Structures are given as C-alpha cells and as structure tokens.
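Which chain is which? They are A, B, C, D and E, in the order written, and residues in each are numbered from 1.
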C-alpha cells in the first residue's frame, strides 16, 4: 500500500525552533527517499509524541527509552524500535546523575534523609524512571514516597528545571542526564548539565555528584508498525547510512557528536519496559 | 402615483444593491477564510480531521479502561489531591483579589472624567493593554526561573494578567458612571481618593463585583493550567498523572473529577451571585 | 435641636457602617495573610535568585561571544552564543580577539585583558585588582590567588576556576579555557555570519552595489533574513500565523456550531425542559474542561498540529458560546417577534426577522471579544500541542538560555494580541454600529 | 361583518376579558376605552390570534376566526393587521424592510428569509410610506426615527398587509401630542379612503370622541359602554374609569390646547 | 468682600465668560440671569475652582482665589459651597452621609475610607436637615427622595461646609413649582439668618425679582445688566434674553399659576 505523507516527531532538550531547524536535512532526505511530503512536529513534551504514535498520526520518532516503554505498554502493536544512536566511544548508553549543591554538605544519598529530592519529567528515563527504581536499591529504607526517606519528592517538569531548582536551593538534590564522559567540572561532554554550564546558568564548582545510575540504553528511533514494509526499509536505510552520507546532518539530528545510528530491536528495552510496568503498579 | 417619488425608489434600490453587495462579499470572504483556514490547518496537522474523527474517544476510553477496575481507589486519590486543589483555588482567589484591587486603581486612573492625571490616561491604558496581552504562562515561566517553582509565580502571573483584563472591563463600567456625584464632592473641596470612594465606587461596585467573579472563574482554570508548567497546584498533579499515561489514569481521572467539579461549582456559584446582583442593583 | 431619637438612630447606623467598613478590609487582609503564610512568601524572598533574574534581564538585550580553547587539542574557536550556527570561520575572529599562534589575546573592554597562554595557562588582568594567573598542572587548576582571601566574584576549586566580572566571564578547567564577552543587541538578528549581507547597512543593501553577484541585493537579503538560521524569522512568522489561525477557526467554528444549539437551550424557544437541561450540562462540561486538557485528549485522534489546537478551542468555546448565546436569546425583546408574528409570518420568519436582528450585535460582539482573547489562549494551547508561537516561546523559556529569543517572541505575541484587539474592536464598531 | 360572542380570556384566576359580545355591520372606526388592566389589549390580541381565547366566538365575514389554524390562521393574521403601542418594529432593519414584513403572511418563501423581497412589493412599500409622508426615511434604520415616525412605519407595515381590519393597541400612548395627532389622522384617513375597519384601543376620552364612529368602554374585562361618541358623557366616562366625583376629563387629555404652558412644563419634566 | 476683575474663560475659540467684572461689598443674595449658554454656570464653576479660568482675577476677602492650589484650594472650596441643578448627591448613600460629605474638605482620605465621621458632625448634619424640614428622611437613600427634597439635602450639604458663600447653579430648574418655592425660600432664609452670601444662577426673571437683592444679567459671556430687582424691567429682560418684541415673560416663569394645565401636560411628557 501507499502512504500519503510521512510525519516525524522530534523530542529533546533544545528549543523547538532549533529542533525543527536541525531536522530540516532529515526532512529533505526523507522526502527524496519516500517521494511524499514530510512534516516535522516538535511537541512540548514526551506525551505529545507518544499520543501521536499511538494514534497513528506520527510515523517516526526518536523516543527516550521510557517513552518507548510507555508506548509499548499502551499498545504493543503501535511502534517498533529500529535504530539507536552510537556515542563517540562506541557505547549506546548514558547515565542518570544525582547532584546537589556543594555548600549543602550533601555528598551522597546517605545525607539526603529528610531532604527534598527532584525528578524531571515523569516520562523521562533518566529524569524519573531509572532513578525511581535504582535509588531505592541504594540501601534499606530508601523509598521514593514523599515524606518517607526523602522529606519531599517532586517533579520539576524537565532536566533544565531540575538543574535550576537544585542550583537555587529549591530542592536539595535532583537527577538529570549526562553521557558520563569527560569531566564533572565541565558538566561532562554532553547532557543537561553541560548545556546549563554553556549557557552560563551554573558553575560546576557549586555542585557535586551524589549518585549515578547504571548505564541506561539510549532511546530508540521508532517506526509505526503498520507502515508499509518498503517504507520502513527505506527509512532504516536512510538513517542508518546517514553518518556516512552526511555527517553534518547526523550531527544535527543527534544533537551533537556521535557515530551515527545502528539497528536495534525490542529485546534491548525489555528491562526498561519491566521497570516502567513496575512503576505503574 | 410612483411618479413624484421616483427618487425614493431609486435611492432605496441603490441602498439595497449596495447592502447586498457588501453583505455578499463579506459572506464570501468569511466562508473562504474559514474553509481555506480549515484546509490549511488540516494539512499542517499530523493527523487529518476526517481520519481522526472516529478515534476521538480512544483516549477517554483508555482512561476509563484504566480507571474502571480501580474505582474503589478514586475517593482515596481525591482526598490525596485535595490540598493541591485548595492551593490552586488559593492561587486563583489571591490573584483575582490583588488583580482586581490594582485594576480598580488603574481603571479609575484611565477613565476620562475621573482620572487623577488626565494627561496620563493614554499611558495607563497602554499599560493595561500590555498587561492583558502577555499570556500568563510567559510571566509564570520567567518567575519560576527567578523564584523557583511553586504557587507564587502562578499567582503573580495571573494577577498581572487580571489587572489588564479587569482594568479594561472596569474602565468601561466607570465610563458609564454618573459624574454628577463626583462633581458634587469635588465642589466641597474633597480629595481625588474621596471623590472616587464616595462618588464612583458605590455606583459601579456591583458591576465590578460581577466582573471580578467571572474573572475568578477563569482564573481557577488558569491556575490549574499553569500547574502544567511547574507552578504547583492541581494542574501539576494532573500533568504528571496524564503524561505517565497507562497505569496512572485512575489518578488522572480523580484529579480531573476534582478539578471539573470545582470549576462547575464556582461557575454555578458565581452566576448565582451575579444574577442576584443584577436583579438587586437593577437601576 | 433635632429629636434625640434621630441622633441615637443615626449614631447606631454610623456605628454599624463603621464596623462594616473595617470588617471587610480586615477579612480581605486576613485571607491574604493566610495565603502568604500558606505560600511561604517570606521564605520565598530568601530563595529567590535575583542573579538568575539578572542573567535573564541582561540576556534579553545582550548577547555573548564565547572564545573557547580546547585544552587537549589546543584549538581556539569563537562563537556567538557558543552556537555552531554562530561560529566564526576557522582562523577568523572579531577584532577584540587576537589569534596569535600559541597565544590568544582577548580584550574584554575597560582594560580587562585575558590571555590564553601556551601550556593551558591563562592570565587575566583585572583593573584595580591585579593580574590573575592560572594554569592546569597535572589535571589540577593552579593559580596565584590566595585561596583563603578570594573575592566573591572568583570561584575556585581544584578542578575549576571561574571569574565573573562586569566585563565578562572567564573559566578554566582541565578540558577547556573559555572567555565570554558580552555585547548589547541581538546579534545576527538580520543575517548570520554565513550570509554575504552580514555587517552591511540597510542603505548599502538597498542602494549600494550588488553584494552577492548571484542575486539582487533586495531579494538576496530578504531571502537570507527570512531564512536566518539563528532567528528563523520565516518560521516565526508562520508560527504567529498558525496561532491566529487556531484562534480564528476555533472561535468562529464554535460560533457556527453553538448558534443553532443555543436556540435549543433557550427557554423561550425550546419548551422541552429535559433536552434543555441536558444541553446546558453539555455546555458546562465543554466549558469546564479547559482547552488545554481538550488538547491533550484530542492529540490521540488528530496528533500534534494546529488543527488539534483549533478543535480544542472550538470545544471550550462551544460551551461558552452555547451558554452566552442561549442567555442572549432568553433576553430577546418579545415586541419585535410579536410585531412580525402579527402579520401572519411563519415561525422561521419570526426567528429571522424578530430574533436574529436583535441578537446579532450581542453575539457578534461576544464572538469578536473571544476571538481576541483566544489568540492569547492559542499561544498556550500551541505550547502543548506543538504549533504556533506558543511552542517556540515556551520551549525557548524552558531551555533557559535563549532569553533574547524569548524576548523577541514575547514582543511578537504582545503585538499580535494587541493587533487582534484592535482588529476585533474595529470589526465590532464596523459591523454593529455601522452596517 | 364582525361578530363577537361571549369572548372570554382567563389568566389563571384572573379574568382579563369577560364574556365580551358585540357586532359590527360595516367598516367603521371603533375606539375601545378603559383604564389600565381593563382588558383592551387582551381583546385585540385575541382578535389577531396572538393570544388564544379561553372561550367564546369571534367571526369575521363568516370566518370563524378562533378556530383557524396553520395556513388559514396566518391568512387571517394577514387580513387583520396589528399596530402596537411600542411600534414593535425591527429597530435594526431599514424602514422599507420593516414595511415589507407586512407581506410575510402571504409570501413567506425561502427568498424572503434572505431578505429578498419581490420588486413590486418594494415599490408598493415605498408608495405606502409616501402616502404617510415618510418616504424619504425609507433607507434609514427604524431605530433612527422618532416615535411618531416609527408608528407611521408600523401603520405602513399594516397597510402593506392590505388588511380588512386594522387593530391598533394604544397607538399614540408613547407619542407626544403633536405626533399623536399625526398618527390618529393617518388612521382616520386610511379608514375613510380605503374603507378598512379600524379598531383602536385608546386611553383618552377626547381622542376617542374626535376620531371614532363608535366607542366601546371596558371595565374589568366587561363592556360597560357601547355607543356613539356623542353618548359618551362625563358621567359615562366616570363609570368607565371607575373614578369618583373629582374625576376631571382633562387628566386624560392629549389634545393640544395651551401651547405656552405645555412647552415649558414639558421641558422641565424631561430631565427629571 | 468679593472682587471679580476681567474674569474670562475660553473653550477653544468659544469665549464662555468674557471679561466679567463686578464687586460685592457685603453679604447679599445675588441672582445671575441669562439665557442658556450665556456663561452663568461657567462663571460659578470658576468661582468654586471646578473649572480653571483662562484669565482675570477673583478675590474674596483678600484671598486671591484663582491662585490657590492644593490644600489652600480645597480650603477655599470648603468656604464656597456649590449647589447644582441636578443636586449632584451620591444617590445610593443615605441622606445624612450625603450631608456629611460637606466636611470632606477637612477629613483625610483614610478616615473617609473607614467612614469615621465624628459624632458631633453627625448630630450637626441632623440639625441642619431638621432646619430644612427633612430630618426624618435622614436614614433614607438620597435617590429615594423627591427632587425638592434632594435639593434641600444638597443645601444641607452646603451648610455643613459652614461656607462664607453659597453658589447655586440653577437650583430650581429641575423642580416643580411647589418644590422650587420651598428651595428658594430655604436659600433666602439662610442668607437672612446666617448672613451668608448667596449667588444663584436663575433662568427665570420672576424668581430673581422675588428673592434677590441684586441681579446680574449675562448675555454671551458678558454682563449686560447689574442692578436691583426693581431696575429689571421687561425692556431690560428683552435685552438680556435677546428676544424680540414678542417676548413674553411668562414663557420663563416657574410661578405657580395654572395647576390643572401643568399636571396633565407634565404627566404626558414623561413617557416620551
């Protein structure tokens, strides 16, 4: 069967206008490859793209791992993961980093008893799902229910807001994402901390890392399952081969340096899905 | 018999022709705008209108499916979220109160015939226009950046917008106020504040009050919405529950019922009070 | 002397008035105090980050240029706002940066001079303070500063040095040496560095010789301005249009739908009580659920985009209009209807000539008022569904760095809303008073 | 040609029109007088079928008016034009359109829904306006006219119906004396020139005396007087108005007599 | 004690008051007459400083009235009470409060906000109302009173100011003759008993003749007559009113003469 158009949903920490601009090259390539008009959508939060995928109005997106799990749990037949970004060192993961202000005297989760802790967006893997599961494993007695171990647990709304909130002292510690490469004082090579440093919002001397998750798999590029097989094949080939064909465009769509994309499948996300399901209970 | 009045006939037919032409052109333009606007929006949307129409109830169905087995937990959830609801209502009430008080001052300052400094009327009007034009969400986000999350940024943001919105309505009310009492008070050597308080306020208070109530209703909704961007209250809880999706829709449903219930409650309450005012202050 | 009873009565009345005059402000004050306590306003003052506010404020009217040295590779780059799109071509730099092989000399102005020295060293001459020297030694930051007597504008740890002065900001870590220089204005607002028109004045472009041999000046300049990568004016214009489109479709669509429904919900036109009651509750429901929530519900069926936003506005407004229209219909003056009815006119004609002419001005003015206020709502709705200026605006705010863009968008939104305000006012006057 | 028998209207416990009977043999100008609440309006409204009668019979040229329904009822309304105290025009529409509404009983087609009336009707409407001396106001909105002019528009609308009867419910109560005279004279002329029957509710005796061929007095829903203007003595008027011996006819007068006194007191009363 | 010199007020090109000069040596009751637009109101408003003069001088007991500002200006307004044609009371407030407003020139805004009027002021207000014969209406809202009563409340407010001068701008123009008489008599009594100066704009000759000690006639902003009531002949009046030979004094009269004619025309004009 044929398709009349192709819609790409894009997420990420950059502002919408930059995101759209960065994906303009992908749009051009896709139009060439599929011969149909392509539209880009940059909704404000994960939920917008997830709803689009579930409703069948968005054909392709690059989701976070938790976002994929949410989509899968809502409708296993909606999308399939096809590709994942490869980092400069060849890894396919990143970390959730817990951090606090250095002058608060907090050095680890042990010092967080009775203090306020902040997550980002509930649909974020590193900003919520993984720390929500792994932090309680830190030691006995740690739970994520407000008022039990932590004095309060809040959602700040996103990585950027978490950083500002911790820096301001609104909350005592929070979690955000980083690639874990490079040095703490630079805010690592990439991630939300690095962006805040570059923007002049924070001084890494003021902050300290208090916790780090296990490696989190990068979120997959997903395609709607009901797309025609040839469309899927063309798109996979296009994105997979992008790094060789147009490194500049790869840089743009992966929001930084990377080694391009590699194929991946559903199995890689089983643990995340299980984690998400356990959080839903 | 038509002879002496031919020109009446002609002039009327001219009028009719002109009116039909204008009316027709306006109608055509409007229909064209609407139709092409719809097609454009449809084309720019991810999903088309006609394809989406049958799926309109998918999302509510998901929510219901998720909530139905956990119906017994709803009252518990509601109780749990009640403090957030109260926070939302407090935000709206405070913002309406502060906004209305400032709007009163600004509206008096910008009403011809009442203004303390007639030359500055334009300035105060522009001020209100701008306050009205800036969306609450913008101010809230800026303030969250400076003050941190919580109810205060939302309160200030809503109050700011309220000043502009109510200020305009209030000054329309003021314009219809009878100036005779004001002049009478001016002639005894009273100050501006006394003239306003005794001469204007008693005349316009019922109308001010009814507009302020209407605004309060709107502000309850606005403060719930600002919760979506981290300004606390019930909106924040709703957003978290909604965007998690499957698994927490029961919480979303509970919050939704709370929020909707209180909006309807205030709506009914305020239209009740306003009707009462309208009838009492008939003249 | 008047009757003592009159005195006593007046005294009593005035005493009561006085109590009311004091009780009402006191009640309001008490509530405000309660709220201030509940919202912890006093604590807020201490938590407020005015320096964040200062960054925001300065960023709204100024921009910064990053001079960055990669301490591992040794390469130096100059980039406006540190963005790839604003990077100066390799080997070029603005005139306050001297790229001199090993050493880079940066004049921040007011006598502040920063030098990126060989071996990952750094010197910063701060007038009135002295020369600050720092370098990376064995992965550690080593400086000539006395760690116990640091001024509060210097932040120093074993791994990082940061100096913030009025002239700019300098930081040094193992990986990078960086200097920020601040300038007023929105850099690259018209043309990015890649455009041949960058740095030319308007008169140059309009009347000067051809700058780009390929294209005419005006067409070329317009093209580069419209497609400016940094500011994306074309996209922003489209976003504004999309926002207005959402408001337009939503408002007028709702008006068309609610008009017939309002007749059904009006007491004097529909004798069927239960039907009227049911319809009124539907209106309440549509109105009670905010547009934003409708947006979320609808995004499953229609996906992101302006249509979803329009439909959300349409749903809420159908509720509002339904209620307002039916109230207007209940208030119609019966005289006109009776006048038409007395000639033996059919029901349809009674409505057409007895009802429609009277309610049109009321309805029209309500619709236009909503149209204006919906352009503002559409800004917020767009922020969630992915469309219009609202999305650009909130996203630029949430990422918290592009405050100059935020300012740009806010100015545009305010202008847009004010323009809609005057347009609707103009239409109201034209259609209602004139005719 | 008009027979009214035991016509009654009850609003709940209150009987507004109580077994009214009378007969009219030929077109004439009839005035109904009576004080406020006597049932005058209710009676006219029942004739035009704007209000349903509770019981009784009303026949015009053999037509059983009260039994008509649907098309026949509308045809009757078209034959029986009504003029109201408050004019009951459509104030936002132009004068000619208002007059054209008089044709709606006969020409209620789809085209008229869009305010598209036949050309010859428009010409006739303007001619009628001309006859009433207000043709030059044709293109104006009705609300832009003075009360007297608006009432003449209402009369034009009535004439446009080409009715057999014109009912006028206190046509001059909202008008100043000058305009009142013009309007009453117009009605009288229509009666005389076209031979149409006119029934007018009036609240002043002298108007009824001056313009009518026959006067019916009502009180508490019942007819208490039916005769010629000449028979209408002050004593009879006292009965109709239920007034005591201190009743002064002048208290109800609208005649223009004492010009100087009026203008200055009128100008004083207006701003009060 | 009152000196007016070359007092002028221009509204754009229009000169409303044109170089008016006169002097008053002792408290008296002065009537200013002239037809509509002659500048009477503008003159009084300038005296009270409700309208700023364009040029000229006005001094009262040596005080340069036009140069005052701020507190001194308010003190002058407090000394110079004003009574308006439309009473200019606060209609929704009770009568006693309205009278108390006369003391506002001396009260702070905050005290006003909380309704803190001293007890003795309240009692004095009631005494004044009593003097004017309306003490029993004290608790009623001002709007619930008849026009004549409202004007007396306005006079009470003026007396509450304990003023040196009372300015009255057509105080009886909105009143019926009965009430007009009461109000004029009250003003006259105040003048005679308290010795306050009263300046009243009047639009009728006979009132001015009957109550005033001195009459000033204005026409087109200028003083065209200044003398005793006795000097005010019909010829002079013709000058003032700019009327031709057909001028009848009675056309401007408010005296109570023909009661029956008045009441019925007044009742008719009201609904127009």
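One rule holds for everything that comes next: a contact is a pair of C-beta atoms (placed from the backbone, for glycine too) under 8 Å apart; a residue touches a chain by one contact, two chains touch by 3 or more.
Chain labels with UniProt names: B, C = Phosphonate ABC transporter, permease protein PhnE; D, E = Phosphonates import ATP-binding protein PhnC.
Just so it is clear, the model here is predicted, and its values are computed rather than measured.
> List every chain that touches both chain A and chain C.
Under the touch definition, chain A and chain C have B as mutual neighbours.
> Treat touching chains as neighbours: how many steps, at the fewest, connect chain A to chain D?
2
> So what angle, to the nearest 5 degrees, turns chain D so that its CA atoms land on those of chain E?
175
> Applying the document's contact definition, name the chain pair with more C-beta pairs in contact, B-E or B-C.
Pair with more contacting C-beta pairs, B-E versus B-C: B-C.
> Which chain, with its centre taken as the mean C-alpha position, is closest to the global C-alpha centre?
B
> How many angstrom between the C-alpha centroids of chain D and chain C?
The mean C-alpha positions of chain C and chain D differ by 63 Å.
> Between chain A and chain B, tell me the centre distance in angstrom, where each centre is the average of that chain's C-alpha atoms.
Chain centres of chain A and chain B, defined by C-alpha means, are spaced 37 Å apart.
> Please compute the C-alpha centroid of chain D, do the same for chain E, then give the distance between them in whole Å.
47
> Round to the nearest whole Å and give the separation of the Cα centres of chain C and chain E.
57
> Any chance you could list the residues of chain C touching two or more other chains?
47, 49, 52, 296, 299-305, 383-384, 394, 398, 400, in rising order.
> Using the touch definition from the top, which residues of chain B touch two or more other chains?
Those would be 44-47, 52, 55, 58-59, 62, 145, 148, 150, 229, 242.
> Spell out the part of chain A that touches chain C in their complex, as residue ranges.
7, 9, 13-17, 19-21, 39, 41-45, 47-49, 51-52, 54-55, 57-58, 157-158, 160-161, 164, 167-170, 182-186, 195-196, 198-201, 203-206
> Once bound in the complex, which stretches of chain B touch chain C?
30, 33-34, 37-38, 40-42, 44-49, 52-53, 55-56, 58-60, 62, 87, 90, 93-94, 97-98, 129-130, 132-138, 141-142, 145-148, 150-152, 155, 221, 224-225, 228-229, 238, 242, 256, 260, 263-264, 267
> Chain B touches which residues of chain C in the complex?
Touching chain B: residues 28, 31-32, 35, 38-41, 44, 47-50, 52-53, 56, 242, 245-246, 248-249, 252-253, 284-285, 287-290, 292-293, 296-308, 310-311, 376, 379-380, 383-384, 387, 390, 393-394, 397-398, 400, 406, 410, 413-414, 417-418, 421 of chain C.
> Which stretch or stretches of chain A touch chain B in the complex?
Per the touch definition, chain A meets chain B at residues 7, 9, 39, 41, 45-47, 50-52, 54-58, 70, 73-74, 121-123, 154-157, 161, 164-165, 168, 170, 277, 279-281.
> Quick check on the complex: what are the chain E residues that touch chain C?
Contacts found on chain E: 94, 96, 113-117, 119, 122-123, 125-127, 129-130, 135-136, 138-139.
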